[in-house]
Amino acid sequence: MMKPIRVWAIARKEVVHILRDPRSLMMAIAIPMLLLVLFGYALTLDVDNVPMVVWDQSQSQTSREFISRFDGSRYFSIRQYARDYHEVERSIDTGKALVALIIPTDFGSDIKSGRAAPVQLIVDGGDSNTATIAMGYADFVALNYSQDVAIREIARSGGPKLHPPLDMRPRVWFNAELVSKNYIIPGLIAVIMMVIAALLTSLTVAREWERGTMEQLIATPVKGSELILGKLLPYFALGMLDVLLAVLMGEFLFEVPLRGSVGLLFGMAAVFLVGALSLGMFISIMTRSQLLASQLAMVLTFLPSFLLSGFMYSIANMPPPIQIMTHLIPARYFVVLLKGIYLKGVGLEVLGLNAVLLAVFAVVMVALANFKFRKKLE
Amino acid sequence: MFERIQQMLVKEFIQTFRDPKMMGIIFMMPIVQVLIFGYAVTTDVRHVKTAIHDLDNSVVSRELISRFEKSGYFDIVEYVERDERATELIDRDQVKAVLRINNGFGEALRAGRTAKLQVIVDGTDSNTAGIVLDYSSKISLRFSQQVLMTRFTRIRGLAQKPGHVTLETRAWFNENLESRNFYVPGVIAIIVMLITLMLTSMAVVREKEIGTMEQIMVTPIRPFEFILGKTVPFALIGFADVVLITLIGVFWFEVPIRGSLPLLFSATALYLMTTLGVGLLISTVSSTQQQAMMSTFFFYFPAVLLSGFMFPINNMPIVIQWCTYLNPLRYFLVIIRGVFLKGVGLEILWPQLAALAIMGVVTLWMAASRFQKRLT
Amino acid sequence: MNTNEAELAVVVRDLEKRFGKFVAVSSVSFEVARGEIFGFLGSNGAGKSTVIRMLVGLLTPTSGSGRVAGFDVGTEAENIKKHIGYMSQKFSLYDDLTVEENINLYSGIYRIDRAKKKQRKEWVLEMAGLRDHRHSRTSILSAGWKQRLALGCAVLHEPEIIFLDEPTSGVDPISRRQFWDLINDLAGKGVTVFVTTHYMDEAEYCDRLGLMDRGELIAVGTPGSVKADLMKDDILDVHCQRPQDAIADIEQLASVKDVALFGRGLHVVVENAEVAIAEIRKSLESKSFVIERIEVIPPTLEDVFVSLIEARDKAMDVRKVAG
């Protein structure tokens, strides 16, 4: 049975280690803040102001009106008016423009005489995300323009004023302005915690093996479980501090609405943290080498939680085999919980299954770490 | 002197390569990342789970709904009768969108009035939500356009159509707009940086921590020989990774490679100068491997996130865009994508190469002089 | 030593440890009585540390058996750890903790109750001479003090047996002496001390010794008995000019078993002192080496050890040649 005195002795020693390495301590706090600031201010998958180059071979009032639809929208930003195809090419090759609009000579007369006017749109397919979105925008602008032309035609020839037949009304739930911050920041908390947990605990046991201090420890009656728990406690406190910081920054700096229960949020965070810390510890126990542990931590914690947890890239859009794999990633469940609590304001009645799975993850990791720790030198 | 360098290199190689686990990770990591970025990471939105709430149930409303279904973007999961059910489905994440058509839709259209379509989306994933709205707008616009055409011909007589624009779109470099063609070449850049950064910084500090550094310092070895010994093996690993990922990208994922390979490798060499330099710098300010690891990540995260690898630099706040000019990853990515997808050469990419060269020289020089001070 | 097993602190029978194909410890058997100072000698790589680590429960024996403090080393390792103290070869307390913090840590680990905690801590600080340095980081201490601190932490909980693995390596001679004073002190209080060392002079301080060579225990006994029983040969101390040149000649002589430089002279191992002295004198004089003196000296443990090992080497060569 675990003896509290021993756990406390180990925990106290870990606290001293942490406090006496102020640089690591600072970074354990700075890295989450850095990530929050980056994602809150600088990073977005939204596409606006796509740089565009235009080659207007028509130079008519019609064509200029058409072009102004692009210029005036928030989607495109016209960087250059090209004089020939070569300039268009160069623009895209050098990356000065991502999109090129080529208007044929007969554009004006085509539109006036009721014919179809073919306009060429060239996109730089390199950045496929931006390209797809830009194509969609351009399609939209062109369609809208065509519709307006038709309505004007009728009105001019004395016909009744036609209204656009279909009016699509969007309603966005939970995140009305489609502010990508609101969608990114809650999920980011999961990523941050995974990363921090990995950084903090993945080296702690390996370091003691490398330095030789572990040999002394395992020659004493201290149990593996006492060692693990003693080491976990201070890092748990540090991790929860990071969560608190992230939530506070989300609230006051980024004004991400928190609609659900704060208690549930911190409770789930605590469960997740235990699992993540134990995973880090497990890596440390298995490798006994700091260099190796750090590499493994990257692959097992940071990468999957960043890319496959649904934080940034929707799991629903991934190929089915990968979607199945993501069920093994604990961060996935935590991201669902976070988004649910923050944006939807729902509780356990909806999120119960995710909460249970998260708890299972934590229990399994703690068990694994304890199981694998051997008080032997080999 | 070369003998000493050789000795150091041999020792470093042995140390690094002796551990099979280390080798496993060094080569597994890139493979895993490439696979993930090649397969999993995509911003394409398809099969959006949708519920239909059609209160009108007329021929035209069903026609509109079938347009949505045929588009391939929407997967109709359920036809709901009541508002509460729609709410529940969204809350439980079982649908991402609800199409709501009110009673009177068909009638309004027949009468020449404007009919309303409500598209409700789950905004928790604002990226997907935005794209879903875009799709919906387009489908609606096309539907609208068609209706308008019929009204137009009715009024003006047959065969009279208004002028309209047809957009012919062509995508250069990546005709099918495959996400992987965008990401996979980029993976080269971020992997190489991670591996060289982490290995260099931690390997040097490891010697400090274990105490073998002292032993080396009392030998006649000169600082730059030590530095070479510490960086060359990792540079080689970096190159090996470039080759490995390129092979996987080209042969497994069929990413095109249209530009010049020598250009790619020279750019890699310049890029490595910077990453190794930064790794060394980190090692001079860290006394434990723990510190080295944290400092590496402190540098690495912003470097990757602000490089244009995933997030377009264009859409960042201006101040941050300026900051990215200091990021070697930014230039290397342009070169990589230029070589793989665009097939452009030196005449277009020389500014990036120059930038990399300058950064490489400066970083290495700074690292070496700091190192010098510490060793002597 | 067929003493009652209950009186024995350590009993080892045919203990063996393999790492893959490599046999680190082979068929080692010995006993240590309560309150003894038992020294384990041998050169580096002889297997001393491996034996200690098995006894302390850090390694599991491949075969054979052992009992420490009445518990089995294979199956009851965790019980053993409650009753012993251990000092590892490499200093393994925490650099970034102060002296006092290190002591507090082990105090907590051994669950020394509150009443005794302070008293034991002060005792350790006093014993190690670190009273004035209680708040200093361990990293700044010199090797000698570090060792004393480590010893202190190992005996905080007043264990009945302590295992010290090369506790004085890297420590200056005066500190070594003081350290052994501490060990004797503890032994005087009834603590059994099991210590490994490669300093032969320290071996003389032990009650009994074990000599290890390449994984095998080649001699066991008190320093006196080892020297007497196992050393059939005599040692000559030869001082002449240019001793390094004289070696070659002396080696060839029939009565000489071995010769080595020792200080400014030579130690020569011979079967029969009288015969050898005559032969050496004749040989040296014939080659015009001026002889300062030749005398018989009592063998040191080092001499014993070296000759034992060489005998084994020769036997092994013979076996190699034969088969």
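Observations, loosely collected:
As written, the chain order gives the labels A, B and C, with residue 1 at the start of each chain.
Just so it is clear, a contact is a pair of C-beta atoms (placed from the backbone, for glycine too) under 8 Å apart; a residue touches a chain by one contact, two chains touch by 3 or more.
From a predicted model like this one, the values you see are computed outputs, not experimental measurements.
Distances between chain centres, each the mean of the C-alpha atoms, put C farthest from subunit B. Per-pair tallies of C-beta contacts place A-B first.
Centroids built from CA atoms put subunit C at 62 Å from subunit B.
The centroid of the Cα atoms in subunit A and the matching centroid in subunit B are 12 Å apart. Contact with two or more other chains is made by residues 21, 211 of subunit A.
By the touch criterion stated above, subunit A contacts subunit B in their complex at residues 21, 23-24, 27-28, 30-31, 34-35, 38-39, 41-51, 66, 92-95, 98, 110-133, 135-140, 142-147, 149-151, 153-154, 157, 159-160, 162-176, 178-180, 182-183, 195, 199, 203, 207, 210-211, 287, 289-292, 294-296, 298-299, 303-304, 307-308, 312-314, 316-319, 322, 336, 339-340, 343-344, 346, 350. Put simply, subunit C touches subunit A in their complex at residues 19, 53, 56-60, 77-78, 81-82, 84, 86, 88, 90-94, 96-97, 101, 104-111.
Of all residues in subunit A, those touching subunit C in their complex are 3, 5-6, 8-10, 12-13, 16-17, 20-21, 211-222, 375-378. Residues 19, 21-22, 25-26, 28-29, 32-33, 36-37, 39-49, 64, 90-93, 96, 109, 112-131, 133-138, 140-145, 147-149, 151-152, 155-156, 160-179, 181-182, 194, 198-199, 202-203, 206, 209-210, 286, 288-291, 293-295, 297-298, 301-302, 305-306, 310-312, 314-317, 320, 334, 337, 341-342, 344, 348 of subunit B are the ones touching subunit A in the complex.
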